[in-house]
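Order of writing sets the chain letters: A, B, C, D, E, F, G and H. Residues in each chain are counted from 1.
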């Protein structure tokens, strides 16, 4: 009974960044803030690097939920940007779904705040419409570990695949020979340990 | 192979609060007591806010298990209240099941103490009778993390969905435009970080 | 799509205690030793209380693995006791399987040391022969949490149900009216918080 | 070599609540938000209950630091309220120190956000002027445990005493006979486990 | 600058067990309940074994604080038992201090619930009257780790020494030759790992 | 509905060690470095002990990823060693797959660094080609626990079985009588607690 | 017995950054790498912002310890840079001490890798020569928490004060009115939660 | 008020290894067994490397406490080896103290099992006789963290200095130029991360 490997394909992927807003991010307590900020920006860098169609959406950004992370706005100036007037599940917003369908992609990378709502609801909706859904777990945050694990269970039971930004980058790139410097730089910018490796390697090589 | 999204619908939901009794709550050690009390009251507020039919039940409340949390009694004065004479699985009590069926709802939100017994047993019984079961994980408590995770595994294998009170509220509300102030107040009362956001927002707006 | 509730029935259950030996127990580091000893004895008390046929087995007890916990020997003097000459999976020992089949029971409660071997191997073997398998997670121990979770995953994928000793007792008893004092005493002996409840209740009642 | 016991005396104590502002409180990550909010309000209740002179101060409350917790404003309407124009160490603000000295008290209970700055700086300044300083550790919060422990070390080396709000209440009250109901209510309002005890006790007593 | 070693001497020690009551013990959350119960009983066994004068005291045992652990009553039937009418600091009760002074001992082993009140207050009072104070940390419990560490800091700054029940037993016994079987049995009864060692040792020796 | 037990069979198993390179190993933070090194070497010892065909592969070992662990090179001098020129998923490298197929084995034990990439990608690929895949969880490492659990979920959903090196050894060996000394030595070399057992046992036996 | 408050004074402080080298930083496991990198750069920004004389030193940077963090080199191009030929304690290097003394400062902020060696040794040496020493705990890293706490104990016993970079900045700045924008920017760049506050505040103000 | 720096001097140091016996080591649960074994052997290597006089002692090694770690016996064949007939505090054994005094050293490095007894008791005794005492914290183990921290407090209050084996090696060596290869090898053998650094460095250097 073989299992087909549902593999990310950079020509089939769209990225959904849901509600990474200043106020909501202050609610995230299942990942350390330094690391969480870094993870979100790493995922954004991946979207840019692989030129993946990316869709931004926010909820009530004029109220306490606060404005979108400024870097995301700057990095995706031309991306569809759906400031939802009220729908909690982004998939309930027609413009959002239209924007996704306009990309023609069937694999969706979803990350957002908070995991059990802003990520899980559109993920479950997308699965119900036959999209392949990949949750970027470490670029999504919520109140605590209990909530995160419960949300994971609900999504995986419905068929979502759980990944991390590093796995996403690796699965999309497939072969280092496609571009060593580019991907290496992306990793070095977001993994201090990896940057240390590169710095040490360069120094050791130069020292000879 | 699409997965239908089994989504909470406020017209289809009944809430079962099982054995949140003073004595039993002192056994809960997988969630901090301040947070646990807050989570249970948040779920109760949700039931009130969405006018969900709610059923209370207790086990041996005249003995060491102790009386029901007084707030629950006060918040649901007209709710069916089944003081079980001995049945450990509330579903083994005919009055309890009758009260549930009388609501005519097919989606059940269940929370209780302790998770692997007072929640898991009726959850498994309800699934066997074709109800949709949603466990409110953070309004349910037990002895330790090992016990909680084992209980989760057993329930999800049988088809239960794991949620948290915040996800429940969000999935029931669907659209902030239905009532911004009401839901915002509920969140502010139970999420200190969210109340801080609102206070800061109001102050900043007023300051201009 | 209803799920039948595979429920412990005290007339259908046999208990397998696998390799709770002095040496092997010193390897257990995923549960605190005070708590682990208590959990194993609680499960043994359950087996006695419900008069469940119980089977003891050990591996190399004359070597470094050490002798069986003395309490288990004392509590089950007439139980089948299979000192395996070498088989790691107890199910590979004919006498062990024969003893199980002699009980005529189809529901097996399994606990042992270490979880991923002494519990998982016979659990997987029993599932393959159509037994219902219930793992008593907290009366089973192993090296660390990574190992425990991996073992759980393997067993649940094969259809085992994860429980804790407290859930087992509650599911077997079904109704407190069957014997309040007996079960209450068992709980008080193994749950310090529960004993405190009873002591406080008795004192408060007496004080009036 | 006897050590004199520097004991809180309710006639000698003033309370300093430093910078419990909405924005700053969202920075606190060494204590869970539910618990932290509860601890701060418990300390405020203590100040009210024992009629301790209480001084409120904030830093830049018109900016991102946000407004003072509304409950503190409401509970202490007549208290000195020093909105500092810029001084980080509250002790550098003449009005603050004047307000303290006006109380005539020599024992200072200090709590605030964040521990290593808003608590530690005035604590060290007060010690240098011969006040006795008691830090209410659990009503003070900061970024993480490393920061908290470093701040504690610096303050205790200078002679500050570390307490918790529960210890403060107990040391001030001295004898339950002074008022059982009052202090019991305060504890029940802020310690869920204690409220459970009381509810169970009352129920058990009534049941007789 | 040599430091004299202030060493427990079994002829100089009295034991104070403060408020190990059923209700208060349910508040203890900085030590697991299985382990805590075991630690308290281990200390009691030490007091019996070394025939140390032992003093029991409770606070409001007729109310929600609940009755003393029944084992302590049974183990020390003739011990001074001071049911304090209201004093929070046991040292404020004349009978308690009189009972201590009547022993003629200058080294006090103190354990109790909760650490920052029932242990710390009499410890600080005793130090002020030139007693040597040894806190049995693991037979004392409180709400959380922050509270425990703060209480420790306050007591050690005043000169108290922190020990554990195992260290106490070892320092009192001095030489195994005084009684190997007795002390070994005490250890085996309270340290599952140690009992395992002994069982394995005996089995291995017998096997030869 | 019986489940067949997919059991490791030493005549059916090949071992894949993927990217245990000096640089990459410094990225591993979900397992302590002392323990991780030990686990990898234990798995290598198992491969040697059971004479399992073993395949080594590395990624960019001339760059910052660094050289393969020297012990692995030394222990498997004749093993296929595929230094991949760029493929991230080792299964994308034809030589690697050819080497696996050349062994004629259908059960694959996979371990590597990092779990969600170097282990998960070839695991998913192998499952898609009808191999049975067993992940050696504790000989695989990654950035943190969130990443590890997400990777586990993805692999188990596709049918991989999670094991630990100890479980692997036990399932392969089947019966201690096949060789007590050999397996016992392997365990003693990699489990300090087990070595202590053996040393104590030998000493106790000799002492008689 | 008043304690003088030894307060950081920006005219009296020099900063010593010891061995923040790529290789050594990969050994740091008591602080998460994302956070540690951020903390070190925050301290460097503080040194720049307050124009504190800063001294860089490295140990064997041409070998496995690796090169200094490139940002530190870039930020302090004119700073004394002592590449120590072998001395482990930087204070044993005459050039290092000379550089410190040349600043004429008596308050030293020290951070480095690893805490118990590269920080503790020069800290103890400096204290012995009557410098005031302030350890920046969160910009220093080591192998694990046991090692960190032991190193802290040794340094505080000798008179060192433990701080965090945030406390250092606050104590040096003294009054926000000295420069709101500058310090606010520094905080926003290194504290994601604080940046969220500012972004939300600005948005809320603008929205009016 | 300068503090003299009490610095380890390889000509002034003796090493005391107390009760690292197979049975007792199985009681150690505050450090992971892989790491603990490694730390003890690292300290032993240091003693050999710096040719420090080393004294071995055991307690009841013919009973359940078990034999000394075999490596220690092998590494120090000529060292004084005091198998104490019963004294718990090794300092109470005349031969042990005589052996120490015979070395003529005034700085003692002490490590052992368990920390609060086998380390603390001789440490306090040695301090009382004017030795300088350095506790090697990570080569000493005990039951849990509460016990360890209490033992640390007692020892530091009496003047002991807390170190780790890495700090000890660094303070003794003083200057890498004394022997780069020797110390580097010692570190590589006991710090997997450090060995990775060296392997990567060598590979990178060779690659040029």
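The rule is short, and it goes like this: contacts are C-beta pairs under 8 Å (C-beta built on N, C-alpha and C of every residue); 3 or more make two chains touch, one makes a residue touch a chain.
In this text the structure is predicted, and so the values were computed from the model without any measurement.
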item: Chain D to chain H, fewest steps along touching chains; value: 2
item: Self-contact between copies chain A and chain B, residue sets same or different by half; value: different
item: Higher-contact pair (C-beta pairs counted), F-H versus A-F; value: A-F
item: Chain separated most widely from chain B, comparing mean CA positions; value: H
item: Mean-CA-position distance for chain F and chain E (Å); value: 48
item: Distance from chain F to chain B - Cα centre to Cα centre, in angstrom; value: 43
item: Separation of chain C from chain G, taking each centre as the mean of its C-alpha atoms, in whole Å; value: 54
item: Gap in Å, rounded to a whole number, between the CA centres of chain C and chain B; value: 31
item: Junction residues of chain C - those touching two or more other chains; value: 23, 26, 29, 33, 64, 66, 191, 193, 196-197, 200-201, 204, 207
item: Chain F contact footprint on chain E (complex, rising order); value: 197, 200-201, 204-205, 207-208
item: Chain A to chain G touching residues, read off their complex; value: 22-23, 25-26, 32-38, 61-62, 64, 66-67, 69-70, 191-193, 195-197, 199-200, 203-204, 207
item: Of chain B, residues touching chain C in the complex; value: 23, 26-27, 29, 59-60, 63-66, 85-89, 92, 114, 116-117, 120-121, 124-125, 127-130, 143-144, 146-147, 149-151, 153-154, 157-159
item: Contacting residues of chain H [partner chain G, same complex]; value: 1-5, 7, 31, 137-138, 148, 152, 156, 161-164, 166-167, 170-171, 173-178, 180, 184, 191, 193-194, 196-198, 200-201
